[in-house]
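Per-chain numbering from 1; labels A, B, C and D assigned in written order.
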Amino acid sequence: MMDKPFAITLDVGSSLANKTGAWRTKRPQYVDRLPPCNHACPAGENIQGWLFHAESGDYEAAWRVLTEDNPLPAIMGRVCYHPCATKCNRGELDEAVGINSVERFLGDEAIRRGWKLTPPKAESGKKVLVVGAGPSGLSAAYQLRRLGHEVTIMEAGPFAGGMMRFGIPKYRLPRDVLDAEVQRILDLGVKLELNAKVERIEETMKARGFDAAFLAVGAHIGKRAYIPAGEAARILDAVSVLRDMEGEAKPMLGRRVVVYGGGNTALDVARTAKRLGATDAIIVYRRTREKMPAHESELQEALEEGVLIKWLSTIKSVSGEATLTVEKMKLDEKGFPQPTGETETLEADSLVLALGQDVDLGLLEGVAGLEIKDGVVQVGPNMMTGRAGLFAGGDMVPSERTVTVGVGHGKKAARHIDAWLRGAAYAALPKHEVASFDKLNTWYYADAPKTVRPQLELARRTSTFDEVVQGLDETTALFEARRCLSCGNCFECDNCYGVCPDNAVIKLGPGKRFEFNLDYCKGCGVCETECPCGAIKMVPEET
Amino acid sequence: MLKQTEGSHAVAEAIALSRPQVICAYPITPQTHIVEGLGEMVKDGSLKDCEYINVESEFAAMSVAIGASAAGVRAYTATSSQGLLFMAEAVYNASGLGLPIVMTVGNRAIGAPINIWNDHSDSMSVRDAGWIQLYAETNQEALDLHIQAFRIAEELACPVMVCMDGFILTHAYERVDVPTQEEVDAFLPPYVPRQILDPADPVSMGALVGPEAFTEVRYLSHHKQLRALDFIPEVARDFTRAFGRDSGGLIRTYRTEDADTIVVALGSVNGTIQEVVDEMRERGRKIGSVSICSFRPFPLAVLREALRHARRVVVLEKCLAVGLGGIVSDGVRKSLSGIHLNGYTVIAGLGGRAITRASLTKLFEEAERDELDQVTFLDLNTDIVSHELERERGQRRTGPTAEAILRRIGTVASGIG
Amino acid sequence: MEQTIKYYQTGTFTVGNRLLAEDQRTVQADMHRTNSLNSGHRACQGCGEALGARYAIDAAMRATGNKLICVNATGCLEVFSTPYPETSWQVPWIHSLFGNAAAVASGIAAAQRALGREDVRVIAQGGDGGTTDIGFGCLSGMFERNDDVLYICYDNEAYMNTGVQRSSATPPAARTATTPAVGPVPGNVFGTGKNVPLIAMAHRIPYVATASVSNLRDLEAKVTHAMSIRGARYIHIFVPCPLGWGSASEETILIARLAVESGLFPLFEAHHGKVTARGRIRRQVPVTEYLKRQKRFAHLFGNVPDLARIAQLQQMADQNIVDFRLTEDDPPPAPSQGRGNDVSLPLGGGPGRGST
Amino acid sequence: MFQIRIHGRGGQGVVSGAEMLSVAAFLEGRHAQAFPSFGSERMGAPVMAFCRIDDRVIRLREPVLEPDALIVQDCTLLHQVDLFSGLRTGGFVLLNSSRTLGELGLESLVRGDQHYRVACLPATELALKHVGRAVPNAALLAGFAAATGMLKIESVVAAIRDKFPAKIAEKNVAAALEAHALAARAQEAALA
């Protein structure tokens, strides 16, 4: 110990006695904000949550978080139109994160490695009927089973999958993938009865002693439009064409096929026709490309495959063997198509109508208290119909008709059914404010373009039903996952810990995040400005 | 070992014998030969474990010494005149931080007018910088004082300035007794710093000190110098014991017992004064002299004791407090407070003006007759001064005084002095 | 020195990154870092200098295994870190004078040689006043002798400690207490700032670098690299001063980033007088983005914007971008060993100023 | 106390001459003090140096104002500087010249009532001969030793060896020895 000259030479670190926290007028707080991807997901997936695990290469953990909300990642990774990506903040930076492709990678990985879903902890002793083995039904069955209920799915068709099987062509969703994910749900102990059409729901429930039922029969009846036509004219509807694709006898469409409509189904049929050997597959749509409900990516692929589209056209009549009269339309100022009187003729071996689908509500006849509107069943915010204990979801209720929405309905309904069975009401947790782009400091993220999913060369694609879009391999999936900005939630980047001029941030260690040391924090706010993901918020000191 | 050598070289040898670890060198006449000599010793390996740094200014010289000393090694530098003023800020800092640096000042005047010759204006200008100031009377004493200086500095954690008259001592060849390394090692232990910058035991040196503690810090540095009043003679006694000769201490008296007139002076001029004292004593005059070695701390008590019985004191100083008169005289007067005797201040030897026996004899005889003014400028050329004053009265734009005077006295005064 | 996009993406430029291997992580991400400049110091809210100093010295502490001695010139850093009776330093530290930090450091380095303790390294640090003005002589002397000292200048472009007076590092047009925003030509009208990094390079010392508190990993890497080299080294760190610049305390790093991304403060490294690496601008911005966030430039954006002087500042930035090839991808030529006279210095340019 | 003043020009070794003189005296066990006339003079300018020799400690620090002896290294100074100022009666003067007093027109110095004792020595020639450069001081010291008998030639030689590096020293020693012989002979002649 040296004898230090008074006042001139001081012992180190003694300024800890000076609590500069007293200078503060604002204080920083750690917050969690809702990532826009999670916010946008119809299936309510905790996307950022499972990406977090994927980033560190723990794919099983990622898959387990993912399947909390969605038992069908391999399917969703193929057929979802990923609204998550549309809302992804990264889109404003370079390109949205390929969430959907990582999801598919996880789904495929799970199948490849044979990961099993977590079985229920305890049996509830309640019996629930699920009508329809489509995405919504499967999702509901899965969630209900995990909550310990005894679940039976009654499916009218010969296979499980519903529209995933009868509406989506193989080249978009290989059937082995579908089968694998369905089987995994059944492995949890869900009973599946095929070719078991429910004629009268209430009778079935009473007869078999179900405590509740979830209806998800989908919409399988192709809409017809009145078109004057000769006897010889070959006119089919899209749903049947696609359904027949699953059977032995493939539909006979001829060399020149005209499809009428502008939805995804219309595109599926046209692309299917191409694969069945049609030289011409022409879509006739009464509005413009901008107005087309079909998904852009599918339209793009269809065009690449040589599908032709006549915009602003309606079919007036079908004369003789195969001559269609098409009338040109024009949009009025409201954007509605109006006839112009101009017509032209079009040669076609067959005309396929893809004008949307209706729901078969037969099983609901005589059920009291139901409200049916526009051909679909009305449900409350808890997915319950007018009849207590009878819930419904998917295409048969008012909503966008996608697999993802279906899965979301299934999950939501399951939670409410579970609550209802316990005589309670399910209340979802209050949502955090959304982590919008302006909350981020994106300088800290490396600029990295999205990994483009390799595609099969067009030639092979149009001649076979091989899957068009290929998946990511592990490295690219990892790369993609790591493009996530972790919007609104701390990812332990240590920025606050590093940038504080007063060392007023305490690092608690991996997974434990951080804590502010208010003894020394002067409230400068640098940590808030420099937090990349917007997980810090300055709030005024209470006076 | 006895040697006939130059003052600067004798000092260089003394420094080398004191085993310095860092030496900072920046040239300025007349101290240059000292650092040149040391540079040679470091280069030829005779001075080992020593870093010799050629710096870019006196300010840097003292700063490097500060860093070295704070890092726990024995640091030395030398300067003169303008150089001392240029490092003045660092001079204060070294003492403020309590760093035992030893510095030689080869005393020299300060310009303008620029003048390279000897007087005490330089060291006097930093007399209150918190350094101990020792003035050497001979080259032997200069040599001895440096060895003592390190011991004093390191014991008290206070820097020491050893002042020796430029040219008169630094350039004079005379006999000196140079001690052996063993003798010096026995007298001067290795440097054990009181505070040190050491990663193993970190401290912060040089804190900002506010009104709440600054007075106390200053009091402590004053107190440190008061302790030096006891310690300096102690070291001098040890030195005498070890080396068998008297050197240093606070003051030295010469034939002051029963003296009516006592002359007080600093540095080499004491030799000439003693010659004059002897002559006058032979003529029965009661005169003596006192040589002040330690000017800081100022030895009030011992000086009072040496002077109290005299009738008059003549303070002969090689510096001028412009607008006041003497600098040393002030201290002497303070030492005599309450004692009534006639005090005279004589300003002599400014800018290298030779101080001769003749002038001193005349001066002291006038003093004995109490015919001196309060302040006397020895050998002042009154013709020149009055002429210059006349000229100034005459015109508004007078031009530089120094040049005017040189024009009047002609350039070469036969080179003497 | 440039940060190429590594495989760890999430937060590639953040202080820490959980995706990195332990040994790749930064000093500042370490739970057990030194905090060589401890809490409780009296720097203003959002002080860039306090941040830069802790970063630099912590990095040096790791690089030297805590065998480090620091010298501090008079200035904000010294005053806010060591007011009696408290010091914030955890390293052996000395403050001597305003203008002699480099010389004191030379003395300490010499002492270590004399003691045979060359494992103990020395850093001198000062603000732009203590470096580019009053301490310049000692700095140049230390460079010329190639003493084993790393000198770090924390540049906030004025004398902040004494109340924001102009220094020779003050950029054109900036308002300071001695170049007030009044009269026909408000703000600083004296030159374009003394470019000490380039002057340091002219001494052909082993290493010169510029850094910014906006690029903290880069800053840390440069200090670490500097400590791996013997001899005189110089790092010039850009540290915004909310008080002196009239900027928001939370924007300290943001403003530093804009200085870099606009080209006004080029990041580069030089070995033996030759530029060997420079920081690519990732997202280029016009200088106005940087200027308008600071009250010291407010007079440029009055009712009648001072387009001429804004253009002058933009020109300086553009000159830097050209001189240091700040927007080019290709790496600059490898460092030349030895100290040949073929060394090519960029004309003008340099931290915060240009060759106008 | 014996006081010597050496006159010469910058670069002629005036100061080292005085120093060697002091060393020689020191070697004979006497006290000596040598110092230059402190100035900023450069090459060629008139300069002086002083030397005091005594048997007791020399305390006096004033310049030599009343020399007992003068050594004039350059006779051209005769007409430029008041060389003889203060030289005491009977004082000794050694001139560096190959000419005689008569040739130099300095008989008056000897005949005058000051009774100066004046000698000439061709020191520069000797220096050129032995050292190869016009550095007359070693030769002059030897001449001074011989002429005044104040110092033994051995002491002068030792002082020369003390001052110069070996090679140059020996050359100067050679010059000194010849000068000493010359001066000794002249002395005898004078006495005869």
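Convention: a residue touches a chain if its C-beta (ideal position, glycine included) is under 8 Å from a C-beta of that chain, and two chains touch if they have at least 3 such contacts.
Keep in mind the model is a prediction, meaning the values are calculated, not measured.
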Geometric centre: closest chain by C-alpha means: C
Chain pair with the higher count of C-beta pairs in contact (B-C, A-B): B-C
Chain centre separation in whole Å, for subunit D relative to subunit A (CA means): 114
Cα-centroid distance, subunit A relative to subunit B, in whole angstrom: 92
Whole-Å gap separating subunit B and subunit C, where each centre is the average of the chain's CA atoms: 44
Chain centre separation in whole Å, for subunit D relative to subunit B (CA means): 34
Junction residues of subunit A - those touching two or more other chains: 7, 10-12
Subunit B residues counted as touching two or more neighbouring chains: 97, 202-207, 209, 213
Sites on subunit D at which at least two other chains make contact: none
Chain pairs in mutual contact under the definition given at the outset: A-B, A-C, B-C, B-D
Complex contact set, residues of subunit D against subunit B: 18-19, 22-23, 26-27, 31-40, 46-48, 58-63, 65, 81-82, 85
Contact footprint of subunit A on subunit B as seen in their complex: 96-98, 157, 193-196, 201-207, 209, 213-214, 216-217, 220
List of subunit A residues in touch with subunit C within their complex: 7, 10-20, 23, 55-56, 443-448, 479, 482-486, 491-495, 497-504, 507, 509-510, 517, 519-520, 522-526, 528-530, 532, 538
In the complex, subunit C residues that touch subunit B: 66-69, 71-72, 78-79, 81-85, 87, 89-97, 99-100, 103-115, 120, 137-138, 140-141, 144-145
In the complex with subunit A, residue positions of subunit C that touch it: 5-19, 26, 28-29, 31, 35, 37-43, 45-48, 50-51, 54-55, 81-82, 84-91, 93, 216, 242, 248-254, 257, 282-283
